[in-house]
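After this come two complexes, each holding chain A, first together with chain B and then together with chain C.
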Partner chain A sequence: MALFLEQLLNGLATGSIYALVTLGLALVYGIMRILHVAHAAVYTIGAYVGLLFFNLTGSLLLAVLGSMAVCALVGVAIERFVYFPLLKYPPFVPLIASIAILLSVEELCRLIAGPQILTFNAKLPFPDFHLSGVTVTSTITAVYCITAAVLLLLWFITTKTELGLAMRAASQDMAVADAMGINSHLIVSVTFVIGSAIAAVAGILVGIYFNQVYPTMGAIPAYKTLALIVVGGLGSVPGAVVASLLLGMAETLLIGYANIPLPRDALAFIAMIGVLMWRSQGLLGSR
Partner chain B sequence: MLLEVSDLRIAYGDIRAVSGVSFALEKGELVSIIGANGAGKTSILGGIMGMVPVRQGGIRFKGREMNRLASFERARAGMRLVPERARVFPRLSVQENLMTGVYGLRRKIDVARRFAWLHDLFPILRERGGQPASTLSGGEQQQLAIARALVSSPDLLLVDEVSMGLMPKLVDQVFEVLAQINREHGLTILLVEQNAMASLAISHRAYVLETGVCVFEGRAGDLLKDPKLKAAYLGE
Partner chain C sequence: MQLINSLLIVALVLGGSLGAAKAAETIKIGLLTPLTGFAAADGLSVKNSVDLAVEKVNKEGGLLGKKVELVPYDDRADAKDAVALAQKLIQQDRVVALVAGSYSMPTRAVAPLFQDEGIPLVAAYAIHPDVTKAGDFNFRNGFLGAVEGRGAAYTAVELLKAKKIALLTSDNDFGRTLAEGFNEYISRFAKGKAEVVIALTYPMSEKDFKPYLSKIKEGNPDVIFSSGYYFQTGPVLKQARELGMKSQIIGEEGADSPKTVEIAGDAAEGFVIVTNLNRDDKRPFVQEFLKDYESRFKIQPDMVGASAYDAFMIICDGIRRAKSTNGKAMRDAIAATKDYDGLTGVIKGFNKGEVVKEVQVQQVKGGRFRFLGVITDPALITP
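Entry: the complex of A and B
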């Protein structure tokens, strides 16, 4: 039982991290209808820049803030200089550009930081928990707390603020939002800022969680998050979060605990195939 | 002149939608542009609002050149659109839809008063305030779209085919509300309509559009009363 609980908690942590990365993708798809594969590149940059700032300053807080700022800039640059000029073409054109960015960033990281795995030896300032034989490490506590804080903040922004109202309006009908006096293009950029800053946090968390930062760390998230936004319902942020948490737990429990002989990363795609066959709008998506 | 449009030309690729239309609106006027489907009426409003690219021609609003301004800047200058088929934000609540109408203006406008006024004008919007706009009927969505355009107390209201898809009784109601707002609040309104009879009945002046060019301009009353004009332009 204790092992089951521990695995469940690990799964929830994995799911939380998936959620942090998938959020950005869901936000961008929601407002721009672009499959932002390069989001995984932003996440990789987030991990590298976080590690760099951490090694330079020794402060994890500065590392996180610095990395969020850099990723926000990278995200906006991708939107302004790559996606925006390509919006007039069919959706596969920006998608191809997005894949190109992902591959280029991987190669850039390899050129600059080297192909080897770097370690991210930081101690997250969160406590360990021991409850009737179940241990929750400080890293896992940190993942929970940070994910909860990010989700809460994002929920507040989207539902309680004028910016959030503009984001939701623009994602439903950009031309009419503009006609209401909303600068949709600016709102799109702000969406990239938010999604990319969250990706930076996710990159650093993963770097610390697995104590690894390497050039291709975005490769698996790139396609897994793609599957996740389909499972959650394209453009649905709550759907993306629910799908991420479920997948994290399913992977850990079915493969780690129940020992089902499947590669771990296959589950996301089995879920995606299932959703496409039986509920094509996704868990929380609308038709 | 509140709005001056001169030699407006709009084309989509090789297809010409509007080929040199000129018209103007005085403050406080209610003017109709009528014409059959495909005459270029919606394109004209799109051009004024900055939602479709204009090939040529000038758009001056309150004496200010609008051509280079983005759609949201024109909205902020004081013009608002009631789009064809309402185009309310389906997954926003009725109340939130109204709030988009005062985006960036909450501090400049007495929002509570405007809302109270609009809720009196369209009581259904108060009743349905918390519902997603997609759950409203077509007529209710049109009312919401009008209210959304009015919250910011604009100087110019552009109304695109508001009668489309509505029951005749509702058409009369909606037109009556527009006439009332024009009469009592002096709001300048530009109607673009396929339903010529209903829109002419409340308009001061009218322009008749045929395949992208203006073929008649004059008083709405003349068009309605003169059998020759009626026969020529309203097909009766």
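Entry: the complex of A and C
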């Protein structure tokens, strides 16, 4: 029982991390209908910039804020200079551009910071728990708290503010939203700012969680998050979060109890195939 | 017009022959190593070390009165890239030998190509058995997976007195062959003395080892043999300590990197590896290399680099003794290597292409790998 509980808590932490990375992607798809693969590049930049600021200032808070700001700028730049001009083409064109950005950023990080894995030795100020054989490490506590805070904030913005209302309107129909006096292009940019800032938090958190920052750290999230937003229901933010949490727990329990050397990443795609076959709108998506 | 044409032809012929003459002035040795991609840190270590070796050889007058020229290519630790680059090295660059400074998968893909062309290949640290199976032109300076696996098992049972052992294995060529060697030792030499209580495998891309470690924790082993690369074993060490596990963890060459210690931080203290580079080697040229490397590249040298350095030097030594760069003559000279003083120990010789040398056991003390023991039993170290 203790083992099961510990595995479940491990899985919840993994799922929380997936959720943080997937959020931005779900937001962007929801409003722009673009598979924003380069989101993983923003996440990588977030980790590197966070590490840079952390090493320069020694303050984790400044590192997080600085990295959020830089990533927000990068996100908006991608939206303004790459996606927006390509919107008039079929959807695979911005997708290809997005993949190109991801690869370029990987190589850029390698050229600037070197190919080695850099370590992110920051102490997260969170407690750890030991209860009758179950250990919840301080990093896991940190992952829970930060993810919960981000989710709460995002929920508040999207449901309780006028900005959120405008975002939902623009995601339903941009042309009509424009006609109602919403500057929908501005709303799209704001969405990128929010999604990219969350990616910065995710990048830093993952960097600290695994104590590794490296150029190709976005490679797996890049495709895994795609599967997750499909499973969650394309464009549905709550769906993406639920899919992420479920997947994290499913992966962990599978490793803990089945020990088949199936790459854990495969599970996301099995789930995606299942969803496409039996429930093509995804877990929480609507037709 | 005709005059100009014939002048042009003369110029071309002259230029061509000049070019050919120039090409023959150096002895070209190829190097395949991952300079980009997930294994780039290893590739950099290899490149740095071999560059030092090339400098050293050329400073001492080169080989057969000619300078040595290194032709390095980036194979991204990918078999497809490696094969294409191997063709280029053979057909275009016309290298006389190859230092295979890459992982098992690309190295076993290119080995048959060099075998077919009769060009000697010395693998630096790839551990898969197939690397030398292609034929007698293929040599290996690193340990065979089985040797290393047996060494790790010996370390667990004899040096660390483990009774209950857990295996945490990287699910690729590298991890599988290590686990085979480990299990072979346990079933042959440690029946009733020690047993493997739990064996788990994890996929290459794994970063989160907590699910595995939580499960291992239940078996309460004395020793965990965690095979994998530094970017896997480093997190294993860190996450095991976070989960409050006290088991001694041992690893192998893949974790022989200053990066392991950097990633694991304090959790690396006491971590034991079996490898081929002894940091406390008394021989002066070894200490000189370790010092030179660190002062020049601002990072501690590791086994990957030292093995590639040796692979290059073994080729040079072969060329010197063969007094030629003829493939067959070089092959025979390398095969006849005896008691060669390498960075990674004294190479007793090659047995069917496999190096025979002592296995080093190192332990992290004060954030650095230090001498813990050495495995000399021929039954264990002979491939």
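Following the convention adopted for this analysis, the second predicted complex is superposed on the first by the 284 of 287 C-alpha atoms of A that agree within 3 Å, B and C clash if a C-alpha of one lies under 4 Å from a C-alpha of the other, contacts with A are read in each partner's own complex, and residues count from 1 in each chain.
Simple rule for what comes next: a contact is a pair of C-beta atoms (placed from the backbone, for glycine too) under 8 Å apart; a residue touches a chain by one contact, two chains touch by 3 or more.
Source: prediction; values computed, not measured.
*Asks:* If you stack the two complexes on chain A, which partner ends up touching A:N10: first (chain B), second (chain C), both, or neither?
*Replies:* second
*Asks:* Using the touch definition from the top, say if A:T57 reaches chain B (first), chain C (second), both or neither.
*Replies:* Neither partner.
*Asks:* So in the superposed three-chain picture, is A:S280 touching just chain B, just chain C, both, or none of them (first/second/both/neither)?
*Replies:* Neither partner.
*Asks:* Give one of first, second, both or neither to describe whether A:T161 is in contact with chain B, with chain C, with both, or with none.
*Replies:* neither
*Asks:* Which partner does A:S104 contact after superposing on A: first (chain B), second (chain C), both, neither?
*Replies:* So A:S104 meets neither chain B nor chain C here.
*Asks:* Regarding the shared-chain residue A:G181, is it in contact with chain B (first), chain C (second), both, or neither?
*Replies:* In the superposition, A:G181 contacts chain B only.
*Asks:* Between chain B and chain C, which makes contact with more of the residues in chain A?
*Replies:* C
*Asks:* If I apply the document's touch criterion, which positions on chain A are contacted by chain B in one structure and by chain C in the other?
*Replies:* none
*Asks:* Using the touch rule from the top, collect the residues of chain C that touch chain A in their complex.
*Replies:* For chain C paired with chain A, touching residues are 35-38, 40-41, 43-44, 171, 200-208, 210-212, 214-215, 217-218, 230-231, 234-235, 238-239, 242-244, 259, 262-265, 299.
*Asks:* Under the touch definition given earlier, write down the residues of chain A that touch chain B in their complex.
*Replies:* For chain A paired with chain B, touching residues are 162, 165-166, 168-169, 172-173, 175-184, 286.
*Asks:* Which stretch or stretches of chain B touch chain A in the complex?
*Replies:* So the residues of chain B in touch with chain A come to 49-51, 70-72, 75-76, 80-81, 83, 87, 89-92, 96, 99-101, 103-106, 148, 152.
*Asks:* Show which residues of chain A lie in contact with chain C when the two form their complex.
*Replies:* Contacts found on chain A: 3, 6-7, 10-11, 13-14, 107, 110, 114-117, 119, 121, 128, 130, 135, 137-139, 210-212, 214-216, 220, 251-253, 255-256, 259, 261-265.
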